[in-house]
Amino acid sequence: MSSDLHGNAPDNSSVVLLLVDVINDLEFPGGDVLAQHALPAARNIAALKDKASRAGVPTIYVNDNFGKWRSDFRTLVSHCIDDDTRGRAIAGILKPQPADYFVLKPKQSGFYSTTLDLLLEHLGAQTLIIAGFTGDICILFTAIDAHIRDYRLILPSDCIVSQDMGENARILSYAARVLDADIRRATELSLPAAPG
Amino acid sequence: MSSDLHGNAPDNSSVVLLLVDVINDLEFPGGDVLAQHALPAARNIAALKDKASRAGVPTIYVNDNFGKWRSDFRTLVSHCIDDDTRGRAIAGILKPQPADYFVLKPKQSGFYSTTLDLLLEHLGAQTLIIAGFTGDICILFTAIDAHIRDYRLILPSDCIVSQDMGENARILSYAARVLDADIRRATELSLPAAPG
Amino acid sequence: MSSDLHGNAPDNSSVVLLLVDVINDLEFPGGDVLAQHALPAARNIAALKDKASRAGVPTIYVNDNFGKWRSDFRTLVSHCIDDDTRGRAIAGILKPQPADYFVLKPKQSGFYSTTLDLLLEHLGAQTLIIAGFTGDICILFTAIDAHIRDYRLILPSDCIVSQDMGENARILSYAARVLDADIRRATELSLPAAPG
Amino acid sequence: MSSDLHGNAPDNSSVVLLLVDVINDLEFPGGDVLAQHALPAARNIAALKDKASRAGVPTIYVNDNFGKWRSDFRTLVSHCIDDDTRGRAIAGILKPQPADYFVLKPKQSGFYSTTLDLLLEHLGAQTLIIAGFTGDICILFTAIDAHIRDYRLILPSDCIVSQDMGENARILSYAARVLDADIRRATELSLPAAPG
């Protein structure tokens, strides 16, 4: 996000970009496999975030608290980057900026026991672009909760990964069929030009 | 449920049986196909409900209100049976008894905007057996919401159907893998003997 | 509500009337005292409900389930009237009509663990007129939950009673100060004329 | 909290201390009056927090986000102390320590649209000691939401203040009567000795 927007992203936007669990040390069994899929996706997400920013679409980091109930988001970011974790490169590429919002989630869905729904209402969101990982768990749970709350969904297929990419593809097809999600690649998405 | 238990099902049980959308007129596109899968499943569910009753496991009908915000559950049952709908035979087989509980849900998940979670807490439930249809939508949404709330899940594969039975099988595998659900057939389930 | 509106109350209205716990057997300690205050209030509420109906404002009965998790609202109404309870006259005056909505609440607030918020969203409600009893418990809890969800509040002082009418008056003053509630008498309220 | 407990407060405790809105710049109309009541209360709260810590009772700061959706708690603390606000002395006395938990609330009640309930469940809390300000708004709203969720309540009368101290006293009496709250002064409370 360009520096002149620091702290000044629009407070009102019908489209909002959610980045799910991208700040993640990936230090769990299978995290190395996930990291291989997630690194190229992170570059796609960064490009999408940049396009969103230029279109006036705010970004919310919807991130696991990883059971650390006393931590804030800043501490999580520092941990992933400074402690040389498997998620270091990804966290570096997608490092949050001052204009970004964040919501720490204690469970898989970004809506469960968090303030996400109220923040989205505050922003006037109607369409959610959801990116991050993993597609078959936290992205799916969050997308289902968004659908049940009547948000329109965009799940760019090149910005969502899982450990098993076959299952990732099946989940995206499911989301297209049952949640009416648009699953085109991020490069095919046209975001509205920012006002003014 | 045997008549001597009418209105006297135990108010406390660590295992609870949820019947999702079994009271359903099936009068929607594809409802005829679903009815073909659902009728034999309804017989399996009736046998499971009987076994549950004998084991002291209460049943909660978790049923769509079908957009009829003024209706009560009794009216829905009457509509399905008396109006000669596609769902008539199934509703007849699974007609609620006085000892059963019911929760009307306005959306796909039984937990969303309903009192289900509080009722389960009131009953002391820790394990949910979920049966009904469709496996790929209302059952999955409800099972995910149950998993996120730390309930243990049993999804008997012969008591859950969808229009597309291939997708139904994939969803059950997904639930076994991601939600740690037990997906054995109902006949293979051993329910605890009812106390006293 | 006039008979020609049966089942045809508008599904969309920015103003909605909530009747809290008016279907109530009052068979608890102090219920006799409450009944003395509630009977004249019930007549005021009936007049208000009639005025609301003529203005196209729908009514939602938001009523305790009194710990009877298997009951539906119809059974509660029958119990209060047919069993010759202390609440019989009040339930008779305020007997629900087919056009009315109802929500059973398991706790004091009408919003807690119920579908009320989603029903209000479905109706497009922005202003809630809350009437019933008791002012110092279920009405206050419900009004606070409504205020926190940004509904505008009208609490007509002649349609709300508590066992201790001094406390009732203090709670109404509190609601006027903290919840920005309009606490004028129902007779002073002008409801918009119904469209059409 | 003694330094040897830093980051090591017990993760399990049936009693939890909630500090409501004590990190507060008080830069609003009437904030100067509130500050006069709040400063001595802050000293009582600090003593209570110390007693709680020695008894192994964890503290959760339940604090308004003041409409700053992008801020974390650390930034709020810095703002109150470094910007020389009316709330500076109080924030200094009650400065959070590494062992403390925090929950940012977007509205008056600490339970609304936050993760507080899940955190309390994670901690195994059954009794909540609530302190802070203001008694007649955020403390009352939070206490009502706690009562409806079946928490036992302690509202120490010398640790809760409002702009209007007469109203503060009436609200405490109300909480004692309706919410079964223990409203003795903090000095009269005996907390269980910490295990081990």
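Going in written order, the chains are labelled A, B, C and D, and every chain counts its residues from 1.
Following the convention adopted for this analysis, a contact is a pair of C-beta atoms (placed from the backbone, for glycine too) under 8 Å apart; a residue touches a chain by one contact, two chains touch by 3 or more.
Just so you know, these numbers come straight off a predicted model, no measurement behind them.
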For the pairs A-B and A-D, output the one whose chains share more C-beta pairs in contact.
A-D
With chain centres set to the mean of the C-alpha atoms, which chain is at the far end from chain B?
D
Please report how many Å separate the Cα centroid of chain A from that of chain C, as a whole number.
42
Determine the centre-to-centre distance between chain A and chain D, using the mean Cα coordinates as centres, and give it in whole Å.
33
Send over the residues of chain B in touch with two or more other chains.
107
Contact pairs between chains, per stated definition
A-B, A-D, B-C, C-D
Complex contacts: residues of chain A adjacent to chain B:
107-109, 112, 136-137, 141, 144, 148, 167, 170, 174, 178
Given the complex, residues on chain C that touch chain B span 7, 69-70, 72-74, 98-102, 104, 106-107, 113-115, 117-119, 122
